[in-house]
Amino acid sequence: MILEAKSVSKRFGGLKAVNEVSLQVQEGEIFGLIGPNGAGKTTFLNCVAGDYRPDGGSIIFQGKNITGFRPDIICREGIARTYQIVRFFPKMTVLENVMVGVVFGSKKKVKFPERTAREYLDYVEFPVAHHVLAENLNTIQLKQLELARALSTDCRLLLLDEVAAGLTPAELNKITALIRKIRDDGRTIIIVEHLMRLIMNICDRIFVLNFGEKLSEGTPKEIMSCEMVTKAYLGETYMH
Amino acid sequence: MLEIRQLDVSYGYLQVIWGVSLKINEGEVVAILGTNGAGKTTLLKTVMGLLTASQGTITFLGEEITNLPTFKLIKRGLSFVSEERNLFPAMTVFENLILGAYTVRDKKKINDALEYVFTLFPRLAERKNQLAGTMSGGERQMLAIARGLMHGPRMLILDEPSMGLSPMNVEAVFETITRLRSGQTTIVIVEQNVNTTLRIADRAYVLEQGRIVLEGTSAELRSNDQVREMYLGIC
Amino acid sequence: MKRLVTSLGKVFGPLTKLGIRPQIAVLFFALLFVPLFVRDEFTLRLLITSLMFGGLAMAFDFTAGFINIVNFGFAAFMGLGAYSSGLSVLKLGLSPWLGLIFAALLVGIVGFGLGVLTIRLGGIFAACMAWFVALALMAVTANWVDLTKGNSGLSVPPLFVTIRNMPYYYTILAIVILVYILLAVISSSKIGLAFRAIGQDVVAAASSGVFATKYKIINFTISCCLAGLLGGFYAHFVGVLTPQVLHTRNTVEIMVISYVGGRGTIWGGLVAALLLVPAMDYLKGLLELRLIMYGAAMILIMIFYPRGLAGLWTSGADYLKRKGVLPDTSTVSVSKGKTGQNL
Amino acid sequence: MEMLQQSWDIIVTAILRGGLYALMAVGLSLVFGVMNIANFSHGEFYMIGSYFAFFGITEFKFGPLPSIIFAGLAAFAIGMIVERGVFNPLRQKSKKGWLMNTFLLTLGVSIIMQNGVRMIWGSRYRGVTQFWPGRTKIFTSMEIANDRLVAFIIAMITITLLWYFLTYTRTGRAIRAVSQDETGASLMGIDLNWIHTLTFALSCMLAAIAGASLLSINPAFPTMGVNPLYKSWFVLILVGMGNIWGSIYGGLIVGLLETISIYRFGAGWQDVISLIIIILILLVKPSGLFAKKGVKSVLE
């Protein structure tokens, strides 16, 4: 078990965005987190990554309690993430963007940060020259860049927040293969996604959130056949 | 109704749209499809005067509208529901809708429009006094479409109306579009959700790397192998 | 021409690695010989002032152009340096040289304290807090007459027992060279990478493992420390201090110089100071009109050339590279797969 | 008894002072909220207002109230010119680094206006002795010059009118829409350029009304805008940016802080004391006293 959340809660004003959510993620799996809009998926990720401090509960990562740690510390502990709306350093080159992750993101001292950064860019098959300023990239390239930066922190656990939003099937196949490759190389992945096809395709296990609470949990097959989930989430008309 | 001829658009040094020509007739639902980064949103934003065309002309209802400021296009009967929704978060649903009718001076017309969108989206009537910023993704999208209808547009342009919505909300949005279509509003829709879009559209254009590579009726495109492979992911 | 530049490149290669621009190295070299040709004390004095402002603008840009926090109380930190250096000499009997160091340390500590308290917040808020602290400092200086002599002015002993300006010139030149090298080396190091990351997207920086608050405080402390040092020099160069030194007007002047020079470049501010300060002095006879022109020039530059002088230089160099006059030094590395624009 | 009397004096003085700070701050807040400009030339419009009121009375022989209105309108016109001549061109060119660039532009405007006025009208003080002669008894032993009282009332009326305008009129709603989402606003058919010009001009008018209605207390001179500028920034930062109701409370708080410190420590120290207190408040509540997170709006 790489990550364990024990009844994690987060409130905004009166709204319980995440309410007593407990889950366990096994080492080396692709763990899907789904649920209707506003179900608290991103909020939960933010709690794990340290962008939010949970109001209750605890988060254990590799046996260490990391609840309420700062995001940069959590990053160095080995959890990296991408954002729903891509975040990057617009006035830096592609290479420098990734170097930030290489230099600061890991506990290990990297001897040749530039070379390491290039390796990660090649790993995600980044299509643009490395000295281009990041502000000149398009959405899909920025997503790849962000992925490279997240990986470059030498993370054990990768949190992906809607990586597929806005991608076409062709690009989707590419990113699916990439996610699989990342997992096969020994990293654990939690993925938040709306696109059911992707989720059903690559996840080992799926966790369904609804109104901040756990609705169901299981393999894709189990989730597909769970009537409660289909009703609450997929809608009647989806399964034609 | 809307005609684009040989349009070029650039971001800085980078040309994004290359000689695009297309035509939309009154009462049609036309889809613009294409991979991410093909220039669909850029094309729409240029039509709406949010970006500048470097070459080519755009005519609407027989008059040239190339590079006119956005607010003048709204007055001429265009309406654009953007990908980002662009709602006014600190205003109520009601105020958002009233602003949708900013170009309408006639009080009675505004009230009629309000009634119309409330019958279209009863949910909005219930939440009239809620702040737009506190609504869920699906409700926001409904509000954005409703607001876009408030000034009685001749043509409604929708940019990725299903993006970021859960499947149930996606269905609701497409149902609305079907209903609008019978209300005789001309609709241009840009979508990733190709399957569903082609079900409701009359015709479609396919954009690739900023150029139009295919055009035809929905039925034609749905049976076109290239489209099926590239965009429907059926391999 | 090309060969000349390439061979110069070999000489300056190690410097460039440290982030020190060859053209600035050339400029400093030239400045070393200026007093041999300029015998006129007045001009020399003007150059000293220019260099001082250049140093201040570089220290200002180090914060504004990198971590994206505008220290709107900058002049007050410089003024604090001036007063603390002056008072340490007068009250504690330190030598003026020790006074400079004392000033740098003290203002550095104050900057550190302020950084710890406010700078984590960032943005316009941090700017305003620094400004408010500066206004309060100025009011204290004006009202604590027992210590500072208030508006009637505090006389401070000079650095050198001579009426000639040459020693001051070399002192400030040495200080400015040191400031430049220090800032250039830091900003091209790993710490500099962190600074820029924070300045461009704090959240992304944090999720890449950068502890933003720490680096912001480091940056702010260094910048304040240098302001204190240069303030100390000012005190012993000018000889009389009034609370006006701390005035926001001076912050504005430093800010304008650094922005005209080009943001996030360090060296731009120095070049701008060497041009602007003498120009403003030359136009003294125009009275108000001079300041109106100053304001108008500022507006025009902001609207039509916001990248500043450094931007002008870069565009020029790019143009020459495209024309083939200069060698293209940027390392073009194309990875596997498709190249470039698939927008 | 005397203590009680003194504290009433302090409160009344603070309210009168604070009302005008609020009027200044509201304008600053409006421009920040709608145009995202941190205006450093706001004080110069206060100064201009003061001058125009002076010329209204002495040259054109207007009465006090018409002079103040005249000053407001003149500043409105100058505000329009400045917006069209300075900010509008930058907006058309590039919006990169907008906040910082426009901030510098306002510095330029401030330098030009201050020195322009000095060049045209010189550095001497121009004032009038009285607008409305006489004093009004507030408490048994406290009298206040009518001018101060009327200036306060004018400030309050102006703020109320502005609030009504922003809440209930079509144009006012458009201004708020622009403050929340520019693209959205232009997609509603709102002419952004016009709204920006109008907003900036309105803000200038508010500052000028403040300056004009205080002419009999503070005579006009070129650098008189500096102090009110500082004070309105204190208010703005204290309450959080872009919040009109907050600005009123903020104005009163800053007024109170100042008045108390003048009473207790004597003139000169008021800035130190009030700044220290503001800084302390902000350390506890960094985004300002009345700021709401996540929702940017002119009117909340």
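Chains: A, B, C and D, in written order; residue numbering restarts at 1 for each.
We adopt the following convention: a residue touches a chain if its C-beta (ideal position, glycine included) is under 8 Å from a C-beta of that chain, and two chains touch if they have at least 3 such contacts.
Everything numeric here is computed off the predicted structure, so don't read it as measured data.
*Asks:* By label order, what chains touch subunit A and subunit D together?
*Replies:* Common neighbours, subunit A/subunit D: B, C.
*Asks:* Please indicate which chain is farthest from subunit A, where distance is taken between mean Cα coordinates of the chains.
*Replies:* Measuring from the centre of subunit A, the most distant chain centre belongs to D.
*Asks:* Quick one: subunit B and subunit C, Cα centre-to-centre, how many Å?
*Replies:* 50
*Asks:* Quick one: subunit A and subunit B, Cα centre-to-centre, how many Å?
*Replies:* From the centre of subunit A to the centre of subunit B is 31 Å.
*Asks:* Let me have the rounded angstrom distance from the C-alpha centre of subunit B over to the C-alpha centre of subunit D, please.
*Replies:* Using C-alpha averages as centres, the distance is 42 Å.
*Asks:* On subunit D, where are the residues touching two or more other chains?
*Replies:* none
*Asks:* Name the residues of subunit C that each touch 2 or more other chains.
*Replies:* 341-343
*Asks:* Scan subunit A for residues touching two or more other chains and write them down.
*Replies:* Where subunit A meets two or more other chains at a single residue, that happens at 138.
*Asks:* Could you please specify the touching residues of subunit A with respect to subunit C in the complex?
*Replies:* Subunit A residues touching subunit C: 49-51, 70-73, 75-76, 80-81, 83, 87-92, 95-96, 99-101, 103-106, 113, 118, 121-122, 125-131, 138, 141, 149-150, 153.
*Asks:* What residues on subunit C touch subunit A, complex-wise?
*Replies:* Where subunit C meets subunit A, its residues are 190, 193-194, 196-197, 200-201, 203-212, 264, 330-343.
*Asks:* Where on subunit D is subunit B touching in the complex?
*Replies:* 170, 173-174, 176-177, 180-181, 183-193, 294-297, 300
*Asks:* Over in the complex, which subunit B residues touch subunit A? Could you list them?
*Replies:* Its residues touching subunit A are 12, 14, 34-37, 136-138, 160, 163-169, 171, 192, 230-233.
*Asks:* Considering only the defined contacts, which subunit B positions touch subunit D in the complex?
*Replies:* Going by the criterion above, the answer is residues 48, 50, 69-71, 74-75, 79-80, 82, 84-91, 95, 98-100, 102-103, 131, 133, 147-148, 151.
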